[in-house]
Amino acid sequence: MFTVTVRDHMMVAHSFRGEVFGPAQRLHGATYVVDASFSGPELGPDGILLDIGAATGLLHEVLAGLTYRNLDDDPAFSGTNTSTEVLAQVVADRLAPGVASLGPVTRLVVTLHESHVAWASYERALEEAR
Amino acid sequence: MFTVTVRDHMMVAHSFRGEVFGPAQRLHGATYVVDASFSGPELGPDGILLDIGAATGLLHEVLAGLTYRNLDDDPAFSGTNTSTEVLAQVVADRLAPGVASLGPVTRLVVTLHESHVAWASYERALEEAR
Amino acid sequence: MFTVTVRDHMMVAHSFRGEVFGPAQRLHGATYVVDASFSGPELGPDGILLDIGAATGLLHEVLAGLTYRNLDDDPAFSGTNTSTEVLAQVVADRLAPGVASLGPVTRLVVTLHESHVAWASYERALEEAR
Amino acid sequence: MFTVTVRDHMMVAHSFRGEVFGPAQRLHGATYVVDASFSGPELGPDGILLDIGAATGLLHEVLAGLTYRNLDDDPAFSGTNTSTEVLAQVVADRLAPGVASLGPVTRLVVTLHESHVAWASYERALEEAR
Amino acid sequence: MFTVTVRDHMMVAHSFRGEVFGPAQRLHGATYVVDASFSGPELGPDGILLDIGAATGLLHEVLAGLTYRNLDDDPAFSGTNTSTEVLAQVVADRLAPGVASLGPVTRLVVTLHESHVAWASYERALEEAR
Amino acid sequence: MFTVTVRDHMMVAHSFRGEVFGPAQRLHGATYVVDASFSGPELGPDGILLDIGAATGLLHEVLAGLTYRNLDDDPAFSGTNTSTEVLAQVVADRLAPGVASLGPVTRLVVTLHESHVAWASYERALEEAR
């Protein structure tokens, strides 16, 4: 199994609803350093799983739809806590449609680092490109 | 699958028995930077797998039972080499009982970084909270 | 010259005024991983410049006054862009009064990492403890 | 499951064939920071999966056959793009014969970091030592 | 004193002349992760030393003139060993003319990381923008 | 000014005397990831400040005299707290005599990272090689 990972970041504001969140119920923010990992059992004809430049471009495009925003104002997240786990899934699900054209990828993991001491990831299968 | 990881550290003295260890048979020490990764297939009602603050607290509590000690003097490790692998398992097994109350976690991985060029981890299943 | 550095972090929302900031004029947020570096020409009687635990506590206390907040709502920053540079100075200046009791520190540098590809710092002198 | 990882690096020149590579079709180079991860379900009699020093030595020996070279001139790679993915597999396959004597290892993952924002890995099974 | 740092990277081939370089006399390559640090005693009217986006753009432009190349073929380096130290100076000197328009910067440090265990930097003064 | 840095590590046991140290008065241990930074105003005839391989060798030799030991038993530290600051100075002072033969180095900084959240350094001048 081969895995290729590319890294970018986004900077968002948000607040959480629920007593468990304590002071994070206030409006605050985060830099998420985002790692997108693409896996597949074999390489394509050029000897790569996918073009790292194209993968970086796809990730950047997905993050452009989230960064420099207050996520509390984004209708896509109405009624949802935009936790690190939820945002990892959002990024993965938004990456998925574009992955098929990149290469023979069957699995995707997105990891969001919210600080030097905490991070979260979401892993999902992909239908392979054909 | 979702995974949340939190990081802390401990600082211990110990020595190893066995020729394979060479100079590490002498009493020496290590900082272990410890990553505890909690995984589960779905999020709880608040949109999180577990509260990162509570997970950090649980990890800190487990490490408090090990840090600033000479592990050679700890009866729990009598006759055992407290290798990085063994300590990863010890931390995971001591975390396990407290995880059920944190959230719907089914798998736990503990990684101990002993330097910038070597680390070890132990992965185990958990019975899910109910 | 001796220097001791401790690391912590804060998570804030804010927005910037000025065309130069582009999309960062919108309300967004950041995790700042904060390094506070304390320097002095000689060590105290215990063979340390300062107690790392006490320095960590002082930094945490200063960051507690900023984290999990929308800095746009904080009167202390009224009319000020809370850029990474400005916040580095704010943290340094708020640390300064508490440093004298920590040890013989004559210089302080605070670095705020806003992502894996950008960070800023502010350096200032301190009157030495006596 | 236990996993032990050791890190080293190599510095190579190479070029790629294929339009997808853009400017990387020119002769250029890379530092690959290489992580070799060895996994097995149980520890050996000394309480370790393998000796970290011996694993470091094995990895260094394999990388010595690649580093400080122009891979375009190496007959082993004739007609092959020495992409990060391909090189991860090469390192893993060259490590494999030597792993059996290190300890009860059943899985091997090799990760090559080509920069702070991109890395690739190859994972393969191993026949366990006996 | 304020300092702002931005990070990018370049990937080059080269060889060294001189017995001291041992196997690095062969054609090989390196990824240089490049940190450009801009310092000045005071902030501009927007509360920043310089625009991080503009600084990132300037650094990227300078590195574009070096990356994905065999430096042995670049006439600019004829008769020069393109050591990490030399390249740090080259990047700094090529950044310098563009810095004045970024902000009130008086000092520039460029650091090139050639691996996880070695890096080099060059520091120089700048005439301040006016 | 040019600066070259190389990294290695050591793993020691020790204890501290003084109430300020709290639980660190017990015998415990640390991994110190050690960065040695060599600075000088100009490069030597080969276009380098010093040979990175030779600098790495010198650092490794100095650390070999400290690693895998209980520093409480080392007569060199009798009556001294082997704090991170003190050990940074010890490493710097032991490196100093060997630096002159490496290259035109005038300043030396040694940084010891004791964890991911704390590190200390010692900076000293050197008489330049001639």
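Per-chain residue numbering starts at 1, and chain names A, B, C, D, E and F are given in the order in which the chains are listed.
Everything that follows uses one rule, which is that contacts are C-beta pairs under 8 Å (C-beta built on N, C-alpha and C of every residue); 3 or more make two chains touch, one makes a residue touch a chain.
Just so it is clear, the structure is predicted and the values come from calculations on it, not from any experiment.
Which listed pair repeats E-F comes down to matching contact pairs by residue number; over half match for C-E among D-E, C-E or A-C. Between subunit D and subunit F, the superposing rotation on Cα atoms measures out at 180°, rounded to the nearest 5. If each chain is reduced to the centroid of its CA atoms, subunit B and subunit F end up 29 Å from each other.
Work out the mean CA point of subunit B and of subunit C, and you get 31 Å between them. Counting partners per residue, subunit C has 7, 114, 116-117 as the residues that reach two or more other chains. By the touch criterion stated above, subunit A contacts subunit D in their complex at residues 1-8, 43, 46-49, 51-54, 56.
Residues of subunit E touching subunit F in their complex: 16, 18, 20-22, 80-86, 88-89, 114, 116-124. Interface of subunit A with subunit C (complex): residues 7, 9, 11-14, 23-24, 26-33, 67-70, 114-117.
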